[in-house]
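For reference, the structures are reproduced in the following blocks.
Look for subunit A in each of the two complexes below; its partner is subunit B in the first and subunit C in the second.
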Partner chain A sequence: MGDLLSTTSRPAVTRDFALWAATAAWCVLAYVVAAACFFLLTRANTDWGSPEWGSVAVGPVAIVAHSALGFAAGRHLPSRFTAPLFAIAMYWVQGLALFGLASWTGYLSPLGSEIASTVFYDESPDTVVLPQIIWFLGLAAVALSSVAVGRQRTTASWITLAVAAVVAVVPAVVLTRTPVEAVNARGTPVPYEPACEEGEILVCVHPAYEMALPGTMEVVDDLVAPLVDVPGAPSRAEQRPEDPRIRPDGTLVYSLYGAFHLLNANTGYGFRDYMEQDLAHALVAGPSGRIPWEAGAYGAGGSCRKPEGPRGEAQRVVAGWLIFRTGNYDSTHSMAFMEATNGELCPASEDAIERFDALEAAEWQAWLRKNYAALRAGELTLEDLP
Partner chain B sequence: MSVALRAMLTPVYVLAPRKVRVGLAMFSMEFRRSLCLWLFPVLILVLAWTVYDGLPIGIWLWTETVWSIQYSLIFFGPLAGGGRRGRRLGSADGTWVTCSPPRPVRR
Partner chain C sequence: MRLFVLFLRARRAGYAAAMLACVSLLAWAAGREVLSLPVVVVEYLAPVIIFLALLGACVVAAGAGSPFGEAETTASFPLPVLRFAHLGPLLACGAGLFLLVAIAWDRTFAVPLLLRGLLGLSGMAFIIAFVLGSRLSWTLPMVFVVVIPLVGDGSGESRWAWWAWVDQPAADPLAWALATSFFVVGFWLVCLFRVSEMPGRAE
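Presenting the complex of A and B:
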């Protein structure tokens, strides 16, 4: 009752702000609690690295800005449709700023940028965090000032609105002039000691991914086994934030990004599926990591009908055979990343895989020793396969 | 929660100037009255689902956790901002769909 008596005499705008502050506080509290739970889970499950506090700090400030804008919209457009329409509009606005428009709008969205961070690069000192925080505080100030102007049109409230607008516009200009670029372009490499294990060849992963080392080594061993002692075959494998390929120094580089980040129930792919496709692709591709690709290979008159097949088909056949040997080959999805038309092989290529697999070990070993370099160079066609 | 808030604000009530005390009293009152008090577990669940959905499966990385928490704003930001005037609920001032204050007592 004491609270009630002491507050009812306050101006309407004060009561407005109290209501807004309480709601924003609950939302910020929810965000902080959820973030804390995930921080605890992450701390319990990884020994490597630490959180990027700058990016974390943007979240609560963005929530304050969202709630202030929503509050102002509700005050200025009093309708039962304002709330849902505002929520939908905000969803699209921040999505468009991030994905749909030119890259210069990316940092105006609280989602930061569409490019996820990586353990290989350090983003600090992050020049974006402070302007983003000021931008969202400015937005909140503009929204609340507009509410104040709506309640009492005094000189002070107009001046506050003008100052808030300046506070919002200045960092917005800075953010739009900051190019959204990949973290490996703007960050500095983080030094680390890779975690390695010796199998058919030495397999190394970033220490943050150490728990994935046994599974990775198993897949690498299965795929590399036929290539041991073949000239030009990799002598070690290392996880790097690069496209899978064999470097000139004989290192098979691969990324675990797809294996962990694209992995979900919707794709139907598992860790091993991604790894096998990435590695088999790298093992037959040239130094650039690309397999030649030919549009329109299927259909009437397509190059599938030609005896030599489309360009790069011999490489895809050997990649398919490497996966086939592991017992995990599925013609409908095993070649999805192999730059094959529709993610599938020509019918003749499926036969070629089975022919290759029917060879004696000594035969395919001899063939690989003789032809592996030419295969990777893209010089072989289906007709050159045994 | 409201008890904890009151405990935190008590020293301010004693020491701060009257204007600040009144502002805090109003905040405290609205904080306790807010429907968010009851919706809080739902807000946490929405956030947790959104964050979890963005995390890689089978591995925990700081970079990914931070990115996913930040990315959860794509849903939670608009949810937090879904405000409107609440005349339909019987109050004269701006209220919220997400966390509106409770309906006033009718006699």
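Presenting the complex of A and C:
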């Protein structure tokens, strides 16, 4: 095909654009097929909500822009290494624009239109969709114009390049001046009817996460079981876009964000690990959802410097015990999010967990009834534990 | 010796080695940046590791073929030996550089993840190089790595599906078995058989 094109009696630029257009069309087709698959998968898992068409529309335009940039890179730097290195580099540039550099670059990435995605608020950044589309079209025009300039250094091709640059720069300026936070701040709560199920306590999730209700309920039940009938313990649990904590009205709020979005195989954490840590943390923390942490309280090898342990260590021990009871406790990572040093407890605290677990049910029930409020208030130390 | 030098030059082996060095340097810097962040390091370093392995695999596999490969088939010297002597040391060079990077990061999980990634992704790239030509060899490994976070979720306690070997924990035996299998098959294919090239557009 390349040989045929090279002998076509058309200008070199036309041949180039035909090759690029064919390549880009295949990529857009792949995008459409993938998007259709994801729609079907989503539809199969939930019937709540509807697609964000703005984000969907940005995708193919971004593909056109990136294929044009890649084509231009290959034309200007012809090498067997250009294609893979450029493709991978662009992938990273998108990620860095979104996460790494600063929020003001976020909307320059096609991923940026997903920044505000949440089921609780209408944060669809519709205001950035059109500038994003123009930005990517401008990028494509710049790339293709540069190819044209490389082929024919005519006044017309230089003018085209200049116009394309302006078309790209203007929306880029608009996008970089649109703070992500400002767009998020315009989000309004979306009304919904939570999906709930009764276990040890009533457990509710957002209807979009109904698929996760059985697994969530299982973890909540396992952790809350020892606290049933304990004064101050939660009476219901509900998924909310907030840090895990017990509200004054007795609702244990939790976010499924970590369980679904922060998982990584190399941490060894699964859905249950995240949920257990989040919930156990919330169950022993005060109303703020935070367990006190004392810098410098840990010695070499994670040992406690003080016999009574650092501040909040009694809360961490009880949280650890709640996880220990489920049979899923791992001293190397079960406490990773509880501000324990290196994600581990002091050796004395590990002993305290085992001591606690060795108690008869009646003994720890009595202890919890008597001390749960003081524990959550952070008034207990390791020495107060049984 | 002259034949071997020409063989390497036709496959840009020098550029490939230089690329591996540049990529390692960049990844080392990116890793240092990640390690300085107040985050759970492993979560953020793992993508750097995986993409470093991917870059290494793509660079090595891109040199598996040559636009003049057809003429070489008339040589009296056994080509599999030349192919092995080209790709083997190049991979070893990449693995050595990556090891240095991993050691500089001082994270124990980095070494096995890097080596396994380089092994398996190179194998994948070699297989595609054999089927579609070396210029397209990067496509499957790239798609594989990028697609896993989208559709590679595991069930139950396992974060990733069994086939998402590149993202599995460093000690996962199935992941190692899959990576090794890809490498053995791919390396065997590109060493024993001529890598086809798309006609035209020679560099």
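Annotations for the structure displayed:
One rule holds in what follows: the second predicted complex is superposed on the first by the 321 of 386 C-alpha atoms of A that agree within 3 Å, B and C clash if a C-alpha of one lies under 4 Å from a C-alpha of the other, contacts with A are read in each partner's own complex, and residues count from 1 in each chain.
The criterion applied here is as follows: a residue touches a chain if its C-beta (ideal position, glycine included) is under 8 Å from a C-beta of that chain, and two chains touch if they have at least 3 such contacts.
Just so we're clear, the structure is a prediction, and the values are computed from it rather than from any experiment.
When the two complexes are overlaid on their common chain A, residue A:P84 makes contact with subunit B and with subunit C alike. Subunit A has more of its residues touched by B than by the other of subunit B and subunit C.
Of the two partner chains placed by superposition, A:I134 touches none, neither subunit B nor subunit C. Legend: residue contacts after superposition of the two complexes on their common chain; A:Y31 is shown touching subunit B, with no touch to subunit C. By the touch criterion defined above, A:R272 lies against subunit C but remains apart from subunit B after alignment on the C-alpha atoms of chain A. Of the two partner chains, neither subunit B nor subunit C is touched by A:L108.
When the two structures are aligned on the shared chain, A:T118 is found in touch with subunit B, with no touch to subunit C.
When the shared chain is aligned, subunit B comes close enough to touch A:G70, but subunit C does not.
Comparing the two complexes, residues 2-3, 6, 38, 78-80, 83-84, 87-88, 91, 263-264, 271 of subunit A contact subunit B in one case and subunit C in the other. Contact residues of subunit A toward subunit C in the complex are 1-3, 6, 38, 78-81, 83-85, 87-88, 91-92, 262-272, 336.
Contact residues on subunit B toward subunit A in their complex (touch as defined above): 21-23, 25-31, 33-34, 36-37, 40, 43-44, 47-48, 51, 55-85, 87-88, 93-99, 101.
Interface residues of subunit C facing subunit A in the complex, by the touch rule stated above, are 12, 15-16, 19, 40, 42-43, 46, 51, 54-55, 58-59, 62-63, 109, 113, 134-135, 137-138, 142, 146, 150, 156-160, 164, 167-170, 198-201, 203.
For subunit A in complex with subunit B, the touching residues are 2-4, 6-7, 10, 12, 14-27, 29-31, 33-35, 37-39, 41-42, 45-46, 48-52, 55-56, 58-59, 62-63, 66-71, 73-75, 78-80, 82-84, 86-91, 94-95, 110-112, 116-119, 147, 208-209, 211-212, 260-261, 263-264, 271.
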